[in-house]
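What follows is a group of structures, each given as structure tokens.
What follows is a pair of complexes built around chain A, which joins chain B in one and chain C in the other.
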Partner chain A sequence: MSAPTRQGGLTSTGTGGVGDSPQRPDANLKVRGEFAYSSDLWHEDMLWGATLRSPHPHARIRGLDTSAALAVPGVYAVLTHEDVPGENIYGLEHPDQPVLAADVVRYQGEPIAIVAADHPETARRAAARVRVDYEVLDPVTDAAAALRADAPVLHPHNPGGNLVRHARIRHGSGPLTADVVVTGEYTVGMQDQAFLGPESGMAVPAEDGGLDLYIATQWLHADRRQIARALGMDEEKVRLHLAGVGGAFGAREDLSMQVHACLLALRTGKPVKIVYGREESFFGHVHRHPAVLRYEHGATRDGDLVYVRASMILDGGAYASTTAAVTGNAATLGAGPYQAPTVEIDCYGVYTNNPPCGAMRGFGAVQACFAYESQMDKLAQALGMSPVDVRVRNAVEQGSVMPTGQVVDSAAPVGELLALVRDRPLPPERGATFDLRELPGGVSNTTHGEGVVRGVGYGVGIKNVAFSEGFDDYSTARVRLEVTGGEPVVSVHTAAAEVGQGLVTLKAQIARTELGVARVVILPSDTAVGSAGSSSASRQSYVTGGAVRAACERVRADVLALAGGAAAGLAGGKVVDGAGVVLADLVEVLGEAVVEHTVEWRHRPTEALDPVTGQGFAHVQYAFAAHRAVVDVDVELGLVRVVELACAQDVGRAMNPDAVVGQIQGGSAQGLGLAVMEEIQVVGGVVRNPSFTDYLIPTVLDMPPMPIDVLERADPHAPYGLRGVGEPPTLSSTPAIVAAIRAATGKALTRVPVRPEHIVGD
Partner chain B sequence: MRVNIEINGERHTADDVWPGESLLYVLRERLGLPGSKNACEQGECGSCTVYLDDTPVCACLVAAGQAEGRSVRTVEGLGTEDELDPVQEAFVRTGAVQCGFCTPGLIVAAHELVHRSPDATDAEIREALAGNLCRCTGYEKILDAVRLAAKGVQR
Partner chain C sequence: MKAATPEAVPIAGGTDVMVELNFDKRRPPALLDLGRVAELSGWRTDDGHVRLGATVPYARIVGELGDLLPGLAMAARTVGSPQIRNRGGVGGNLGSASPAGDAHPPLLATGATVELASVRGVRTVPADEFFLGPKRSVLAADELVTAVTVPSAAGPQQFAKVGTRNAMVIAVCSFGLALDTGTRRVGTGIGSAGPTPLRAAAAEDFAAEVLPWDDPPALTDEVAREFGELVAAAATPIDDVRGSAAYRRRALSVLARRTLRWAWQDVRVR
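Then we have the complex of A and B:
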């Protein structure tokens, strides 16, 4: 069957290499509305899929009747768990989630039946006619209660009961007493990634009995592994092609409609497209783990940390997803970018009947950062020190030992980042004449300045880059150099997901730098080449960037051998000697030759944590960002306006300076959302606000100017010295803003997002 | 039902339209114009913004039948084969595009703004674009793009 209309290769031309900011090769298509996203796929013969989901967070399924749905004209198939030919179970780390629920549903929105029809509305209406006989059960909705001995066990096969993982860190043997002790309990609400491009894709049955799936995802090969298992099919027969991705932020790391579309396509013999609406999207992907974090920090009167103790509970919801890894992150990064001789951390990832939680930008480090940064402010206050001074005094630096025993073996300019944001001039105070839009409440006209108090706050965070704890983390790149149309052309083929971050630009920059060629073609990402790993954990520049560079190096070595003599490098389409003198034209040297290499590239290995002490070389790289937030708060109404959000971040090497700034600004904005507005409200396991009307993300009116300082302290272990960029700014933005609100209001504010009632209440 | 709409200067006819279909659905799924985006279909994100006659609207909130006999201009109709519209060009040049899902709607909204009010202040730009969500950029580079496009129009 023919392929749907879809995105082809992208051509990048010009001179932009590593360190430049060339235009994105997909930018023209995107501004013209011609870039083919996964929801834009179209096939003349296609059907539409729809999903019936459980309205209950916890129920037994006593019976299922699809006959009324099948009777709807225009319906081609109605499938339930009985129609899953392979194993009816999937999951990124722990397979524990049914493709379609069989006997029990564990969260509101769990898929039970799927329909294919000739119109999306027909499919939706038919799905609503599937009759399900539920025995409604009490949901387990409190993560701490889920760990009690008397709690119903949600996954009987899980050896830990409702415990997904307990990550335990024991470091140092100093006393757990100190002259100055501050304690606190902090709560983080459930945040949604809220990418704009909804979950969507199209499965097309193929003549060999397999299929092609065009899909927006973060990791094609992990999807393929799980899909093939559910379909009971060889992986080779399940071919995945990356369709245009409208943002990800972690929410596309798990499967959503992938297997469903494949099941319907195989059953009907037709291409099947599924596109979630926004409400369904809130049920279609995992969210950021809500967390309760108890901390105790002890320090000397001079402000040196003596010990840190923490106990955290992360609500993983109904299925494990990446809860185990998120738990590991929260624990290993739980003391923050600070040196403390003695650290005791216990972090529990738990099953409940709340919406499943997994990856979101920051991945466990966000929750911990809000708590430890709130603690650092509390400590500063107890000591009578400035918040920046107490942080700088305790900041990690290169050579410091982390609570895991791991030595920080590259730059860690935490103090410098804090100083950069502190030393920026403050935004001017509001003048005598001002625009209403400058005030909290804006054109709602709630104040003309009375009751408005300004506050300033700081935050700094630490994030691991790439996959950790011994994971075999690699990427694959195929690079080919040949003469096309009289010009040397490089093509780069990887399976890495471009999700908006700009990896397509970067791959072309690397090829240009390594091979000295102007024209680079970025081939569409698919499973015809080996895995690139996930577009998550701020890892693709590092790992796929590393793979592309390594493949280019092999290609270059072959070309230099072809040229022979004194050939030592490639530049500007020429073969040059060690001094840069042109020896020959690359076109002539290549002639008819096609030079191609495929390389699987790994970063240096990490280690699993010791299960008892949590010691080990768990993270390949650390990354740091610091924020200063300036806010105006209407202390009478509890309204907040962020006036400015400055950030300083060390990126090792700014591979593409414009894209780096774009990542920092976008990440900071998501942190602002968590600070003051974004929360999926779950009551009794039921989501109360699955819409953009009720789940608010920052608009351009909510976002302040964001001045950025970028430091480049190379990491000698990483390609080009680069450091992952995407996540760190999402960590420290939240606590900086909350600290600024505290400074303006004097309130304790131990929960995010901060709501008006927290500001005006007692 | 049958719906006749002039889109980007050309007459289009869609047959068998179910009355519940939005203008956005008809553009995207029946007329081969998927440039306008479907991020929420709830009137909250602006990714589906098109001109209906001369007014920017959320195409997801307009029933297809309401567009009967009227003219629609979408993101696909702003530039020419060879040239981007200056607003599109400004989005490319300033790095205002990441995933790009918000981009078509923002470009139509910004296009309307810079033509209506080329000397808009920052506060006015923010207010005009407050109905267009972007999850990737934090809006800084989008503001740069709109300022740049406005300068072009002023000239």
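Then we have the complex of A and C:
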């Protein structure tokens, strides 16, 4: 069958190498509303899929009857677990999740049956007619209780019972006593990635018995591996093509409708499209792990950390997803960007019957950062020091030893980042006249200045970049140089997912810098080339950027060999010598030749952690950002307006300075959301607010000016010296805002998001 | 048409109706498009009142009625986003009869009446008799909300709404206030803190009685606080996903206190 109507390749012309900020090749399409997202896919003769989901967080399925659904006119197929030809199980790290539930459902919204029909409404109506006989079971909804010996075991084959992973860090042997000791228990609510483009894609059956899946995802090859296993099909027959992605933030790392669409397409022999609605989307992807974190910090009277102890429980929900890696992150980064001689951390990732949790921007480091930064403020208060001074005094720097024993072997300007945000001029105090839009409550007219108190707070965080703990983390790039239409053209082909972050722009910038060619074609991402790894963990500029550069270097070497003589480089469409003197036109040198290289590129290897001590070279790179938040709080109503959110971040090398600032603004906004509004409220395993009416994300009136300082301290291990950018600003934004609210209110505020009740409560 | 197919759901801006359809909360057999009914889409003054058609969008209320109906205009400003304010109007707010409807508190506070029409004729219902329960009203199956009739402002009016976001948010609780300096009456309306929008009758009587209408001095703390407490006492809120009952009561007392101060300040300036 033919390919559906969708977004094709993107051509990037003109100028803009590494360090420039050329316009995105898809910018105009997106601004004009003409970009084809995965929900816009269209094919002649296509069917629509719909999913029947469990209303119960925990139930046994005693029987399934699809006959009434099949009887609906316009329905082509109704499938259940019995129709999964391969293994009815998938999962990113631990395959533990059924494609369609067989005998038990473990969370509200778990898929049970799927329907294909000639109209989406028909498919939904038919799905509602599938009869399921449930024996409702008590859900396990408290993560701490799930670890007790008497808790029902949700996954009988898991050797740890309801424990997915216990990450244990034991570092140093100093005393666990100190002059000044502060303790605290902190809670992080369940945040959602809240991408705007819902889960969607289209499966098209092919003549070879395989199929093509057009899909919005973060990692085509990881999807393919899991899909092929469920279909019982060779991976070569499952071809994935990236469709337009409307945001990701971790929520597209796990499968959603991928296998379902493939099953329906194979059964009906027709293209099948599935698009989730907004409410279904809240059940269609994993969320950020809610966490309870207990901390104890000991310090000398002068403010030097003596020890850090922490115990954290992360609620992974019904299926493991990436819980094990998230647990590892929270533990290894759990002491924050601080040097402490002795560290004891225990982090537990747990199964419950709550919604499954997995990857979200910050990935375990967000939860820990809220807790350790709250503790640093508490410590500063106990010591009578300023919050910045106590942080700077204990900040890691290049050469510091992390609690894993790993030496920080590139720039770590934590103290400098804090000083940058501290030394910025404060925004002006409120004047006598007011603009409602600048007051807590905004245009809702709740205050004209009454009860409004200003506060200032700080936060700094540490995030690992790329995949850790010994994961074989690589990307693949195919780069081709040839003369087309009388000019040299570079084609770049990877399987990396453009999720809005701007990798399409960056790949062209790298090609232009390395090959001195203006015209670069970014081919659509698909599985016809090797894996790029995931667009997550702030890793694609590093890893796919590294792969594109390495492939370009090989192409360049071949071209220089073709040119011969003193040829030493490519610039401006010419072959030049070592001094930059033009030797020949690239068009002439290439002639009819097509120079192409495919490179699989790896960052330096990491190691698994010692399971007992948590020691090991676990992370390839660390990244740091600091925030200063200035807030106005209406202390009588508990409403907050963030007045300014300043950020300083070290990015190693600003590959695309505009994109870097965009990432910092977006990450800061997501952190603000967690600080004051974003939470999936779950009671008894049931989601109470699966809509954008009641799951609130910041609007333009909630976001303040964000002055940004970008440091460029090159990491010699990384391509161009770059440091991953996307996640660090999400970490420190939240604790900085909460610290500012504490400063304004004097309240302890140990839970995020902070709700008005917490501010005005007794 | 409404009489012939009483199960048809009238739709104007679609603010609530489309959400219910999209979330599959209801499947009406028909929609009745009111978009091009000219009689519903305008307003006029009539003997000290404004007759406001059911489909006049909030954006026009904000732009055109700020002087005549300041309380309603302030409430309209807090509705949704610019796109929603361009489409949605008071008729739909009343038709849904949500306790959180932003238009309701100012309609209660000003003593507005709701005009309902059917093939049986036209009737008017005082706003405080319109609501029966959560999303229930006296609107009969064969009736349409055609207009509201609101007394033109005879004194300062205020509206304030608490939400956990600084824009585009459904009320956690809200409060409307209207002072009539001629008749020396005080009107109130409470939103999102009970099964229906509510009036705080005891607070109205208290304020009308104790406010120093002649040669008004500044409002005393005692009067403002007592008024706030009486408003909070009139509410019957619940705990829900948007906030707790205790918080709603507390916030209402603050909103009532503050809005009375702002309104009274206007009385003094005049």
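Throughout what follows, the second predicted complex is superposed on the first by the 762 of 762 C-alpha atoms of A that agree within 3 Å, B and C clash if a C-alpha of one lies under 4 Å from a C-alpha of the other, contacts with A are read in each partner's own complex, and residues count from 1 in each chain.
Just so we're on the same page, a residue touches a chain if its C-beta (ideal position, glycine included) is under 8 Å from a C-beta of that chain, and two chains touch if they have at least 3 such contacts.
Predicted model, so just to flag it, every value in this text is computed and none were measured.
In the superposition on chain A, A:A659 makes contact with chain B only, while chain C stays out of contact range.
By the document's definition of touching, neither partner reaches A:Y295: not chain B, not chain C. Of the two partner chains placed around the shared chain by superposition, chain B is the only one that A:Q501 touches, whereas chain C remains out of contact.
Using the contact criterion defined above for the overlaid structures, shared-chain residue A:Y319 touches neither chain B nor chain C, since it reaches no partner.
When the two structures are aligned on the shared chain, A:Y542 is found in touch with neither chain B nor chain C.
In the superposition on chain A, A:L701 makes contact with both chain B and chain C. Note on chain A: of its two partners chain C and chain B, the one contacting more of its residues is B. Applying the stated contact rule after C-alpha superposition, one finds that A:G277 touches each of chain B and chain C. In the superposed pair of complexes, A:D40 makes contact with chain B only, with no contact to chain C. Contacts of A:Y90 after superposition: neither chain B nor chain C is touched. Contacts of chain A with chain B, set against its contacts with chain C after fitting on chain A, overlap at residues 277-279, 437, 443, 691, 693, 698-701.
Those residues of chain A whose C-beta lies close enough to touch chain B in the complex are 21, 23-24, 26-28, 30-37, 39-40, 42, 119, 121, 193-198, 244-249, 275, 277-279, 435, 437-438, 443, 499-502, 658-659, 661-662, 665-670, 691-693, 697-701, 703, 705-706. If you check the complex, the residues on chain B that touch chain A are 18, 20-21, 28-29, 32-42, 44-45, 47, 74-76, 78-79, 84, 88-89, 91-93, 95, 97-104, 107, 123, 125-127, 129-143.
Across the complex, chain A meets chain C through its residues 124, 277-279, 437, 440-448, 450-451, 636-639, 641, 676-677, 681, 688-689, 691, 693-694, 696, 698-702, 755-757, 760-761.
Against chain A, in their complex, chain C makes its touches with residues 19, 22-24, 74, 77-78, 158-170, 172, 241-244, 246-247, 250-251, 254-255, 258, 262.
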